[in-house]
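There are structures below to look over.
Shared chain: chain A. Partners: chain B in the first complex, chain C in the second.
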Partner chain A sequence: MANIAAKRIKREFKEVMKSEEVAGGTIKLELVNDSWTELQGEIAGPPDTPYEGGTFLLEIKVPETYPFNPPKIRFMTKIWHPNVSSVTGAICLDILKDQWAAALTLRTVLLSIQALLSAAEPNDPQDAVVAKQYREDIQLFNLTARHWTNAYAGGPTVIWEFNQKVQVLQDMGVDEDQARVALSTFDWGLERATEHLFS
Partner chain B sequence: MDRDRSKDASEGIAPMGIQALNETVLSNQPESRYECPVCLNWLRDPVITTCGHKFCKGCITSWLQNSGHCPIDNINLSMKVDIFPDNYTKREIQEQRMNCPFSTKGCTVKVTPLDLDAHIAACEFNQPETSTQPEIKVPCSFQAVGCKETFDSQEEMNQHAQTDVQKHMSLLMNAYSEMKINNDMSNASIDAKEQEAMTLWEAPDKDGNQAAAAPLNNTSALIRALYERVVVLEQRNREQDIVIANMSKQLSAFAVAKMKQNNDMLLRYCMGNYVWKIDNFKARLDAMLRDHYKMLYSPGFYTSPNGYRFCVRLNISPQNPHCFALHVHLMKTENDDCLDWPFNGRISFSMINQYNPELTQKDTMMSNSSLIAFRKPSAEICVRGFGYTEYAVVSEVIRNGFVKDDILIVRVNIRCV
Partner chain C sequence: MAETSEARASASAPGGDAGGEEDKHDERMLECNICLDTARDAVVSMCGHLFCWPCLHQWLETRPSRQVCPVCKAAISRDKVIPLYGRGNTKQEDPRNKVPPRPAGQRTEPENTSGFPGFGFGEGFHMSFGIGAFPFGVFTSTFNFGDPRPSAAPRGTAQYEEEQFLSKIFLWVAILFVLWLIFA
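Right, the complex of A and B next:
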């Protein structure tokens, strides 16, 4: 790894560690290997959002050319959000792409991602299905996102109706994640989700 | 600087890789006004932009190769017209003097921040801890199977033993399989020796003691092997015996079931033409003569597979103890609701003379729909029967050849009309 990248990550790591956010528990950063090329971030779901109470893990890969190119970040915890792929966890955030600036750091990026959770951008979606639901039925979107937060991120709100529908599909032999994606995609219509899965 | 505090913070949160955070590198942390926002290090050949931000010359040059904006405020920047050397800052940084981080070990060198990294790399006091003061290392207790980790204290070793269970298991597994392979190989060579012994066995061995000693040794191995084989075979034999016993039990149970099924089939498909063979007749008759309430009932048979079901009753007539009474009784079936009631039909009895067919006693009667005996049965067997209270004289039946081989045969034919 280029000297500048490694050195910078070390300094950034230290910066994050002594930051208020780490002290307050809203973000975390851990090393995955000793070569400083891979890290694991953790952000708390912001209050007053469907993600509240959840803990979301992020995979952070630092390129050789860092900080001249942005780090590659994706959600490892599954999340229902218009700007995050519900399948791959890929994030659509300008500062991770063309709006990256060398003065941004892992700390500021993690905070930006956290901010993205409170303020989705449905007109620049990563996941078209989620974005459609967000635009057309925000209440159902909020419930779905809350359910996903409960199922994957340890969120506190259990939505029995959704859990039961997932269970119905699981009893038919469908994988839990697939069942949840299908039901979320079809606005929790059990029949359409079933039809989709078995067609 | 708050070096100690931040060190505590990082150690408290990131469990892994924190050893890699080289404190000597991080001790050299610039104040923000001397820090390059790109490399986060001391400004090296500082430049200032028209928007008022300072960078290392190398850092901003690399950045602007791919982007036309300031890394901080995104204002358009051109390498040619917007970047100026900041010699003031450069001088300020060069006037700074820092202690070598190994000053505690005796290094007295003071250098500029920019030269510090170069000095650290070359500093004679920058030696690995182990060479200056050799420590007593605790090896992992799984050293024997290949774990190379060593620890400063017993506690760390214990910690390691707890956390790396998976690794130790796989090391153990490897060691075990290696041992097993070696074992198998030495066993294989024993087998080879046995084979050799077998061939030697038949060969004459008159060559002397040495030649004799080898087969002797091999013979005991051979006997041991044969003994083991015998034990294995005996064990298998016993298992087979158990299997056979179980199977024959199953088979006889199956045969009984099959027979029963056959009988049931006969009763159901006799089409109202039932032959009742009463075996052991003498004994049964004696019992009936002793106790007039004792009666013989035949199994239930059907007039058609889904038709009426009847049984036959033979007993000593209550009015005349010298006579047999013979009746038929309707029995309940699962199809009773589908049948027409009362039953209407012809009922024939034949008591077969087994020595002289001409003496066979035949009687036929028609059902009487007014009788309870032909209504739909409410009990398993209808309490009222239909037939003859004085059908035949007991002594004549015995005397005139109706019983042969202690068997009396009564044929009943019931036909619906």
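Right, the complex of A and C next:
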């Protein structure tokens, strides 16, 4: 790995460890390997959002050309958000693409991703299905996102109705994640979800 | 162990650790915004952000079509950064072999606002400057006049003669100076 990248990541890592956000528990950063090319981030779901109370893990891959090119980041924890793929966890955020600037750090990027959870951009979606639900039925979107936070990120709010529907599909032999995606996609209509899964 | 407990004690004492904190803060002020290390071959952008020239150059090379400040995204270009020259870094090994030399500083002469305030407008200013330089020209030539003569002096080997000679020169200088004061 290019010297400047490793050197900078080391510095950033030290700074993140000393930062207020780590002390306050809103972000975390861990090393995955010794070569400083891969790290694991962790952000807390922001308060007053459906993600509140959840903890979201992020995979961070540092390219050799860092900091001249952005780090590659995706959600490892499944999340229901217009700008994050509900399948792959890919994030649509301008600063991770063409708006990247070399003075941004892992700390500021993690904070930006956390801010993205508070302020979705449904008009520039990563996941079209989620974005459609966000635009057309924000209440249902909020419930769905809360349910996903509970199911995958340790969020506190249990939505029994949704859990039961997932269980119904699971009893039919459908994988839990697939069942949840199908139900979320079809606005929790059990019939349409079943139809989709078995067609 | 002793050290840590001492550090804690001084940290808990109000103001005890302030000096160290301040030093650290000062160091961070001089860090390059790209490599986060102390800036070497430092340049500063028009928007006031500090970088190593090699770092900034690489950033500009990475995105030739979108040249923006890595910190504030203001427009930035090679011609619009200012190098910072500190003291005492002349012996540092030159890392600029890989990248083009950092842009040179631009020096503008200060505007001559003193002297002839009456001519401080438009083209007239240049004229008045020429006139203003005249007496100084005479003054300098006075010294030029004096200069070659001591070099001719070694003919007289005795110390006494030289001293005589010097005193004559100073006399002439003094006379000319007085004349200049009277007539100029």
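By our rule, the second predicted complex is superposed on the first by the 199 of 199 C-alpha atoms of A that agree within 3 Å, B and C clash if a C-alpha of one lies under 4 Å from a C-alpha of the other, contacts with A are read in each partner's own complex, and residues count from 1 in each chain.
The rule we apply is simple: a contact is a pair of C-beta atoms (placed from the backbone, for glycine too) under 8 Å apart; a residue touches a chain by one contact, two chains touch by 3 or more.
Not measured: the values here are computed from a predicted model.
Clash or fit: chain B and chain C on chain A?
After superposition on chain A, chain B vs chain C: clash.
Check whether A:102 is in contact with chain B, with chain C, with both or with neither, and answer first, second, both or neither.
So A:102 meets both chain B and chain C here.
Which partner, once the models are overlaid, touches more of chain A's residues, chain C or chain B?
B
Could you look at A:12 and tell me whether it touches chain B, chain C, both or neither (first, second, both, neither)?
both
Applying the touch criterion given at the start, work out whether A:4 contacts chain B, chain C, both or neither, answering first, second, both or neither.
Both chain B and chain C are touched by A:4.
First (chain B), second (chain C), both or neither: which does A:68 touch?
both
Tell me the contact category for A:22 with respect to chain B and chain C: first, second, both or neither.
The answer is first: A:22 touches chain B but not chain C.
Identify the partner contact of A:31: answer first if only chain B is touched, second if only chain C is, both if each is, neither if none is.
A:31 sits against chain B, while chain C stays out of touch.
Pick from 4-12, 40-48, 256-264 or 310-318: which stretch of chain B gets in the way of chain C?
Given the superposition on chain A, chain B and chain C clash at 40-48.
So which positions on chain A get touched by both chain B and chain C?
4, 7-8, 11-12, 67-69, 99, 101-104.
Could you pull out which chain A residues touch chain B in their complex?
Answer in residue numbers: 4, 7-8, 10-15, 17-18, 22-23, 28-34, 36, 67-69, 99, 101-105.
Going by the contact rule set out above, which residues of chain A touch chain C in the complex?
Residues in contact with chain C: 4, 7-8, 11-12, 65, 67-69, 98-99, 101-104.
For the complex, give me every residue of chain C touching chain A.
Spelled out, the residues of chain C in touch with chain A are 33-37, 49, 55, 58-59, 62, 66, 68-71, 73.
Within the complex, which stretch of chain B touches chain A?
2, 5-6, 9-10, 13-18, 20-22, 25-26, 29, 37-41, 59, 62-63, 65-67, 69-72, 74
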